Amino acid sequence: MPDVSDPVLEVVGLRKTFGDVVAVEEVSFAVRRGGSLAIVGESGSGKTTVAKMVTGQERPTAGTIRACGRDRSAPARGGAERRLRGREVQIVFQDPYSSLDPRQPVDRAIDEVLRLHRPDWSAPQRAERVVELVGMVGLDDRQGSALPRALSGGQRQRVAIARALAAEPEVLILDESVAALDVSIQAQVLNLLIDLRERLGITYVLISHDLAVVRQLTETVVVMHRGTIVERGRTEDVLDAPQHDYTRRLRASVPTPGWDLAAVRRALHETRPVRPLTPSC
Amino acid sequence: MNHPESAPLLEVDRLGLDLLVGGVHRSVLRDVSFSVAQGEAVGLVGESGSGKSMTVRAIDRLLPAGARQRGSIRFDGKDVVSLSGAALRSYRAEVAVVFQDPRVHINPVRRVGDFMTEVLRTNRSVRRRDAGARAVEMLAKVGIPDGERRLDQYPHELSGGLLQRVMIASTLLTAPRLLLADEPTTALDVTTQAEIMGLLDELRSDLGLSILFITHDLDLAAAVCDRTAVMYAGEIVEVRESRLLHDDPLHPYTAALGAARPLLDRTARLVAVPGRPLSALEAPTDGCAFAGRCPYVEPTCTSAAPVLVPADGGAARCVRVEALRGTLGGVPHA
Amino acid sequence: MSAVAAPVAGTRPVRGRRRTGLGATGWVSAAVVGLATLVAVVGPLVAPHDPNQADLVQAWIGPGGDHLVGLDVQGRDVLSRILAGARSSMLGPLLIVVICMLVGSLLGLVSAWRGGMVDAGVSAGLDILFAFPGVLLAALTAAVFGAGLWAAVLAMAVAYTPFVARLLRGAMLKERNQPYITALEVQGLGATAICLRHVLPNVFPFMVAQGSILFGYAVLDLAVISYLGIGVQPPDPDWGVMISENQSGILLGYPLPALCAGACIVAVVVAMNLLGERLLERAGKDGGR
Amino acid sequence: MRIGYLLRRVAMLAVTLLVASFVIFAATYVAPGNPLAALSGGKSLSPEAQTALERRYHLDEPFLAQYWHWLSGAVRGDLGVSIPLHEDVSTLIADRAWITLSLVLYAAVIIVILGIGLGLLAGLRPGWIDSSVLVISSMAAAVPAFVAAIVLIAVFAVSLGWFPTIGTGDGFLGHLEHLTLPAVALALSSVAVVARVTRTAIREEVAREHVQTAISRGIPQHLVVTRHVLRNAAIPITTVTGVTIASLIAISSVVETSFGLNGLGQYLVKSAQGKDIAVVQGISLVLVVAFVLVNLVVDTMYAVLDPRVELGARAA
């Protein structure tokens, strides 16, 4: 069970079923204010479903989700509550190409969020904040007023980050946010995310299948396999000395210089009976 | 397996390619040269738009209409570009392609068995039942024990990893000599990727297969390939022994790729190259394509297109290769 | 072809200026549509003769004098009837398109947004409506309420609605599933605001394009219904009615009046279709990220 | 799996027919005017006669009971009586159904042969064949059936005298001769639509990755085309062709009117104009049943052709 002092996000006994299929079972974790947590897993592990429940896109079948001390297991009642939740948890998605409205210039997209969360601000106040946010994610003024189609994938992902930050959320969920980027761009965005956390003290929840990215960005980790958490702990401990079989296998599957393919093969042959290859569709 | 040291199995020499984009021919590959020896695994690494997939298409003669090709591609001494008809078909049987996404690269409305045995039945006149038996045998070899059942299934009833094994097994049925693996694991999970890579490695050692392995992942290429060529904007910028490429890169772009990738065993600030990767279509013709992002750029870099300079048993396309030697690798993370 | 070239071309993040032109065909089509619209508005006012003034003695007289395209079965000026008939032939379809677009986009939006039971219910209802071909609905309405332009418009609007709703549901569902919509939901923006500010504007070019194609079909179907005698009633001028009235002329060797009306219908339908296809292409490009 | 899909379609079909029959019958109730007035031909009736007539036509019973009488009759093949004609609706329909049926079948044959044939040609032979098919079909697609009808009559019947203008002829060849122009007029725009869809389906399939795989494995060109391109393109082609043919059922009324054919469609229009509600209801029901059945055939073929069918509904 999670034992974290001052948790900004706390999930207890989360369960989600789709028809007869159990997607998520008994998932509990907590993140301290300003901390960072990675939810690691492969496709079908349930990590994305957990993220969707935390952001309110899916309703949990059972279990509770609390952010900033307030329950968000049930759908929000009314606009005020929705907006309040928006100031608690924000999300940045994987695909930089579809995560922005193609008709909306960058500054207007950010302004729309500011108008929603800061109704008392004047237009010049909001404009000033837009410039600040655009600069914060490393875009220049010209890019700040461009349409998404004029931007590259990495630049669009910066816009998506700026838009999420506009609500000044406590928790930022990064749902495979750097997975679709080319390696050299990925490094830029990773560095940006690290800087932003240092500067803003924001909490990250990273959903990822990429252990190296997890190591780069988070302090704690939970490993999910087939809907349940199989291992949890400090990121470096879990990655350097994995305890659970699945985590070990995951760790051994990451290609590194000096990767011993023969050993990988042996390990896989050994574990194969444990995990029968069943059709997933 | 005996490896004749003489002529390489596949030899790509100064390959150039223009594609018809919006009615105009535009260059996507320039001066691409590399070779794959019998039993050797060679990696072709690059970011999106670098031209690595087009190189595979050129080798397998799968270019879109209107493509213009320069240079030569030789397989086992024969000129590939001039092949046609039955000769082209038998060449394609010897050079098998494993595509990135088996889900779209296998006909969805035909059974797995039809897909696997099609080549044997049509080109080799093997009877359906014999072909089926061989397919089952091959499925067992790639780690699918219940082959008979699988042959009756449709592709959508199999998982991605299983389907990729089917794809590999089907290529092996014609006993190819060269496998063109075009990002065969990009669409798969990490553990499935490891299984597939282990399988490919096993096939290479057991059958003496040559492999040209296309990927965007430098670490993956380095882990399984003897030699690796790095592509940027339609050109090969460096080709080396994989181990050297990683520890002691000669080209600034190779070094940048290595330094940009986060590590599994330690946390350190990444060295990010500014800007975005140039696509092959945007590359300048009169200078180094990487010059705009290169921390070591000099005026000479943009005055003329650099050529591949032989160095340390490989080659690098950089005018400053001698000056930078030994300074790019070492500690990739500052 | 494009699929093959995609790995190279599709990865370019910065695209050139998008083409905003309609192309030659598009502009010619737009001109034809514009002309037809103009005639529909001012046609009856500029008609050189009274479109309903019959003179049986003058029936089937060919072009000449002050009758540019001759006289019809009852000796009425064909040009005047074409000009006057444009009004019902264009206005009726416009009404049909407006009605089924409004109803269709509402149903499509609700289905796409709510999903689940609502979606299933709406889909089932639309499926049932699909079983009624437009002509049949028109016959049914005519039998019940009496034949006329309004009955025909109502019948066609009902017949088109399931088609439009399904089309728009697909487009809206695609938009609704875009991550940017989810991002706005997570921000706390309400469903109505998201639909009005983001979903509808993004689907709008597609709606205009489909509306244009639909308008072509509506012109055609309404003419069919009037031709059959269960739409606009003679002697009111209407292109469909004109064909039906003057069909006997074909056997008698005077095909011009019927063909003139037919040509008008075909011209508007073709122009609307071509224009719609160009718009559709542009909408697709616009949506392409 | 696929059986489940078909069972769902059949259940949906039953519900559709039930609702459709209800809507069709309810029209009687919405229609202004007293059916008895029409029945008596405007004469005033004695109270006894009125009661007798009401009893005979179940007019004294509540709406749902009347609907039940009509529906259960319809299932047995009894569609009631045409009040103006004093004849059984079923007989009236049966006399005319074969013309519509043969017309639609004839047109369907033309659509399948010409439409799919031209589409295949255009799809597989880029160049001048493709462009000419494209140009011709884009023009033909816009020609409505009644315009096609007058042009065909003007050219082939009146000027050239190759075909009769009116009537249905005697014997099989006579029917064929008389129905040729109407069937062509009915099929024309559909041929164009099917040809275009076929061409697009072929082109899309040719560009698919799995076709590339087949080529890269050294499968001979003609087998790539038949086993992969045509086989897979058959799915959308069948769907569109089927739906197009289903739509002819209603459009045939236009051609029947143009050529003076005594078919169901023309009779439907005539009865609608004459407010013969019983006949309109009967024909409407028959046409809806036919339309829905053709669609069921399309769904069945789709399920046969596409093994993935249980994953989702038909891609409309």
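Each chain carries a letter (A, B, C and D) given by its place in the written order, and its residues are counted from 1.
FYI, a residue touches a chain if its C-beta (ideal position, glycine included) is under 8 Å from a C-beta of that chain, and two chains touch if they have at least 3 such contacts.
What you see is a predicted model, and the numbers here were worked out from it, not measured in a lab.
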Comparison of A-C and C-D by number of C-beta pairs in contact, larger one: C-D
Per-chain Cα centre nearest the global Cα centre, belonging to chain: C
Where chain A and chain D are represented by their mean Cα positions, the distance between them in whole Å: 54
Centre distance in Å when chain A and chain C are each reduced to the mean of their C-alpha atoms: 47
Interchain centroid distance [CA atoms averaged], chain C/chain D, Å: 22
Set of chain D residues in contact with two or more other chains: 208-209, 212
Sequence positions of chain A contacting 2 or more other chains: 152-153
Residues of chain C engaged with two or more neighbouring chains: 1, 4, 13
Chain A-facing residues of chain C, complex: 13-15, 18, 178-180, 182-190, 197-198, 201-202, 286-287, 289
Residues of chain D touching chain B in the complex: 208-210, 212-220, 223, 227-228, 231-232, 235, 305-308, 311
Complex contact set, residues of chain A against chain C: 55-57, 76, 79, 82-87, 89-91, 93-95, 97-104, 112-113, 116-117, 148-153, 155, 160, 163-164, 167
Chain D to chain C touching residues, read off their complex: 12, 15-17, 19-20, 23-24, 27, 30-32, 138-139, 141-147, 150-151, 153-154, 158, 165, 207-209, 212, 247, 249-251, 253-254, 257-258, 265, 268-269, 271-273, 275-277, 280, 284, 287-288, 291-292, 295, 316
Partner chain D, residues of chain C touching it in the complex: 1-4, 124, 127-128, 131-136, 139-140, 142-147, 166, 216, 220, 223-224, 227-230, 243-244, 247, 250-251, 253, 255, 258-259, 262, 265-266, 269-270, 273
